[in-house]
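There are two complexes below, and they share subunit A, which is joined by subunit B in the first and by subunit C in the second.
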Partner chain A sequence: MSALKLKLRAAPSRRLDLSPLIPGRLAGLSIAEIEKIAIYAGPEGLTVGDCFAVSGAAGDALHIEGGSDKFDKVGAEHAGGEIIVDGDVGLYAGRRMKSGRLDIRGNAGDCLASNLRGGIVIVSGSAGTHLGGPLAGEKDGLAGGTVVVMGDTGDLAGERMRRGTLVVKGRMGRNAGARMMGGTIIGEQGLSAGAGVQMRRGTLIGPSLEAQSATFVDCGTHELLILTIMAAYWRRTLGDLAPPAIASAPRRLMGDLSSLGKGEILLTEG
Partner chain B sequence: MTEANEKAAAAPLNRNGIAIDDTFAEAFGMSGTGIIITADTAKWARQSAVTMTGFGTSVIGCGAECGIDYEVAPENTPDGRPGVRVLVFGFAPNMVEDQLKNRVGQCVLTSPGSACFNGLESAKRISLSGGPRFFGDGWQTARKLGDTRYWRVPVMDGEFVIEDKAGVTTDAVGGGNFLVIGRDRAGVLETCELAVAAIAEVPDVITPFPGGIVRSGSKVGSKYGAPASTNEAFCPVLRGAVDSELGPDDKCVLEIVIDGLTAQAVGAAMRAGLKAVLDAGPQRGVTRVSAGNYGGNLGQHHYHLKDYLP
Partner chain C sequence: MLIKLTGGKVYDPANGIDGEIRDIYVRDGVIVAPPADARIDEEYSLHGRVVMAGAIDPHTHIGGGKMTIGRLMLPEDHRGDPVCRGHLTRAGCGHAVPSTLTAGYRYAEMGYTACFEPAMLPANARQAHMEMADTPMVDKGAFAMLGSDDFFLRQLAAEDDIEAIKDYVAWTLHATQAIAIKVVNPGGISAFKFNQRQLDLDEQHVHYGITPRDVLLTLSRAVKELGVTHPLHVHGCNLGVPGNVETTENTIIGMNGLPVHLTHIQFHSYGTEGDRKFSSGAARVAELVNSHKNVSIDVGQVLFGQTCTASGDSMRQYGNTKSANPKKWVVMDIECDAGCGVVPMRYRDKSFVNALQWAIGLELFLLIDDPWRIFLTTDHPNGAPFTFYPHLIRLLMDKGFRNDMMQKINPDAAASSVLASLDREYTLYEVAIMTRAGPARSLGLKNRGHLGVGACGDITVYQDLADREAMFATPVFVFKNGELVVKGGRIVKVVQGATHVARPDFDRGIEKSLRRYFERYHTVGLDNFKLSDDEIITDGRGRLVIQPTAARA
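The block that comes next holds the complex of A and B.
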């Protein structure tokens, strides 16, 4: 796999829109052409060449050396290939990504993987609020694909999620899976208060739940075959990053009965 | 053709003391699908598969031709449990889909601990869950993993999990066949059992009739208007009364019918079955092997016995 390398010249003082920098859009461009791509809409008119030293060749892989919380829309609309960022990213990373892999080796800001359609997003650090969520006026949040956050997440992770998988290795903020319509959220350290509030369908999985809402009913403990199928799928797609297999029958809470009530929270430690 | 060649062509083929007619099996293009049924134990996976494939001998009378292809080891099933691969054949994909709806709904959904998955990778797909998932009466939920959607249907022993779609091929072949003719009914049956066992080792094929063997070979049409009726030319008790295909000592004819997902698979099964018959030899009273056809004008696939001899 050939790689295009962008080395950050200096920490940016303004927010940069890096959405043009995805392998699919850069394919076939020379380094000179890539350096002329505008990545800031303000009066300064910053380009890739102003902010990054560009080397290598455009292909299936893009490697951004250096990160910043002012890097917005990294990997937005990404549709095949791999993007690696050695550092933090800002808002909307992986927004509406369709396929491929986005590997963020740092922290991510708010609205990571907003309305993700497919592919895999991995964050080695933590992520902000509204992970996978919709923007104002949008119907769906996460609509496919897989997001793995090794650290913590802010509030409202997986809001209005319809499909896909969200794995959080650290602690989750409040109201994860709010108004969820499908898909799976796994909080390996447990689920915080408000998890699944007003969810219609979908599954939240965790060892524990901070506070159970009165609008969820306890269905008891059950062996669920679908968990075996899901675990096998995650092993195939995520390898070592896959959530641990669920050894015993989880407790099933069904809700949210203040909404459609066809969702579930599975508690793996009773 | 020289005179010597004409004589050679007219002389009956004979292998290991069994004559082989210079004829062919006439088979038809069909649509076929494969599904994997799993359960907590191999016994219950097989029970479900046996029930689902019952009354699946002839597409004319049963709506589909069905059978067990092979057992699937737990490490090769989507849910890590013992499984059985079942094949279902019909005239067209929508016909196969209708049969799946009924058979899976009545025989797999109802079987304790069962689950049902696609067993054929194909670009063309039909609904597998179309009937059974609605048994959930609104409590069913879907889970999409990658490109595959699964349905979870609440039932009295937990959840019935079923994949949404199954692959279907329109390159399937139905009606590959050969006839085993002999002097002893029990011996011919034993020999056919050996052939069916050999064919069972060939993937992507089934022998849909009871135990893989047919005793009522048919011809097209009937004086009563039925689509098929007894093939009197191969009925020993009518020898002398009709234009019989049988010799004076023949007492029994049994047929093995083969359906496969590809023409090649049916050919491989023909070869395996014929080898088993010929290897068994004449000790059980088998004298001759022939095949059923309709003059070659109806079926697109012709399997000449001489091309499939060991």
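The block that comes next holds the complex of A and C.
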């Protein structure tokens, strides 16, 4: 697999829009052409060549060496192939990504994987608020694909999620899965207060819940075959990153009754 | 400072100049006669270029509550069309409902130097003027909306003396810093709140017992007798309803010779023939407009793509909500005195109805003879964003292009329109009338819309290109008050335009009864309701131009 390498020359002084840098759009371009791509639209007009040393050849893989919280829209609309960032990214990384892999070896800013439609997003550090969340005026948050965050997430992770999987290995902020309509969120360290607030459908899974809302109903413990099937699927697609298997029958809370009430919170440690 | 524009081909219909090669001199912002051996400070060689006065848009929704609702409701319209800051210009966004600054820049970059907001509800006047203050580059003005407000409907129902009504109309112009009076769905916005879902010309309002005809005749007489130059600006009954061509005909005939401007008449020219019970009434409307010299119109052309309709006509906009695309809308009352409806719309060339709307607009342009009484509008953003004007001009000037475009639309719509048989092509002289001289004369703008001695130096210079769309999209130079503000379609200087108002005389005794009324019914005190000059001139950004008013015979 050929890889295109972009090495950051110096910490950027402005927010850069890296959305043009996805393998699908760079395919067939020469290094000189790639260097001319604008990544800052203001009057100063910055190009890829101004900010990065470009080497290798455009293909299925893109490797960005160096990161910054000013890198916005990394991998937005990504549709096949792999993007690796050795460092932090800013806002909207992986926005509306369709397929392929986005590997962020650092922290991600707010609105990571906003309206994600497919593919896999992996963040080795932590992610900001509104993970997967829709933009103003948009209906869906996460709408497909898988997001794995090794560190913590900010508030409102999985807001208005419709489909797909979100795995958080660290601690989750408040109101995870707010107004959720489908899909699965797994908080391996437990779910914080407000989890599933206003959810209509969908599933939140964690060992424990910080504070149970009055609008969720305890439905007792259940042996759920689907969890075994899902665990097998995650092992197959995520390998070592898959969430740990659920040993015992989890407790099931249904809600949010202030909304449609067909969502569930599964607590694996009582 | 003396500027000379040398050797351009000048189109100045107000002074009867049709493509003559002339030199124009501008001294300190005003066009002057050729001075005897004076020192020229700046000279622009315009050989082979087309010179016109700055364009004037007499009907474009650029201020007032509706636009704010549109912006709030359509964030996707904003992020879909971001505009980054430039060395001189500020950042903005928006395709159908651009931010104020972006609207001002885009108008100037298209050669426009004045724009008029046609639907300013008096209760919203402060907001509308603040938005217009934030719209740079162009002169502006607003039409105050009356005709569904409780005070006026009470006056009408009580058969008050016309003098009292005139005083109220004039007071409204002063209080809201407006230049003209607009009526939207006369009485209908109010009737909607009394559960009426339509109000035809002679249908009675269930509460006040008045009819739209009463409203139109009374207001148009009041405006005329007060000496406001722009005639009553009428958005008629039954907007968008198939068969409304009959209402439009009855309205034109029913005005009995009183001056009237019928706005976005395309939306009022629909018949009910054919399988789909939707047909063009353009020929019938055009014939009546041609024979009634008291009537002027603007078209409200529909052009294909995403836009957002915004109107004070809450009754009809409520009817349109089922066509909302994307599916969201706002229809609301404002202070019990009017309403507004904001419904996003996507006009599709393959849709029979949308394609026929497109054809009806063009038919009207081509069938109405007198360019002095027809103005080029898309009713921005109702028919299309104003940025489509160059495309529209090409459709009018280039029959071949028009026919090519007609091949792309819904074939049934194309077949049911007479458009293909219309050979007329607008000339540059006629376009200059329709976009400059005509609106200036109709609005009573002294020293605007022409290039004679004494006119202010609002001048647009185009390349004489065969592709009229490219020509009108990117003027070579635009001068505002004699200053070069746009070069090669890009802003080179940011300026602030003036606000034009009309202030007819009236008997201030009307404030006594108005004060009682305000204290009893309004949420705002009378003194706070009125907009002071200071609020417009504030921090030196604004300037007021009081246009003359004179009672006409």
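Here, the second predicted complex is superposed on the first by the 270 of 270 C-alpha atoms of A that agree within 3 Å, B and C clash if a C-alpha of one lies under 4 Å from a C-alpha of the other, contacts with A are read in each partner's own complex, and residues count from 1 in each chain.
Note that in this section contacts are C-beta pairs under 8 Å (C-beta built on N, C-alpha and C of every residue); 3 or more make two chains touch, one makes a residue touch a chain.
Being a predicted model, the structure only gives us computed values, none of them experimental.
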Subunit A as common anchor, with subunit B and subunit C clashing or fitting: fit
Partner chain in contact with A:E138 - subunit B first, subunit C second, else both or neither: second
Contacts of A:D218 with subunit B and subunit C, given as first, second, both or neither: neither
Partner with the higher number of touched subunit A residues, subunit C or subunit B: B
Subunit B versus subunit C as contact partner of A:M230, first or second or both or neither: first
First, second, both or neither for A:G42, with subunit B first and subunit C second: second
Superposed arrangement, angle subtended at the Cα centre of subunit A by subunit B and subunit C, nearest 10 degrees: 110
Contacts of A:E269 with subunit B and subunit C, given as first, second, both or neither: neither
Touched partner set for A:E33, first subunit B, second subunit C, both or neither: neither
Least C-alpha distance (whole Å) that remains between subunit C and subunit B when both complexes are overlaid: 26
Footprint overlap on subunit A, comparing subunit B with subunit C: none
For the subunit A and subunit C complex, residues of the former touching the latter: 41-43, 135-138
Residues of subunit A defined as touching subunit B within the complex: 144, 163, 165, 182, 184, 201, 203, 222-226, 228-230, 232-233, 237, 262
Touching residues on subunit C, where the partner in the complex is subunit A: 73-76, 79, 82, 84-87
In the complex, subunit B residues that touch subunit A: 78-80, 115, 139, 141-146, 150, 152, 158-159, 161
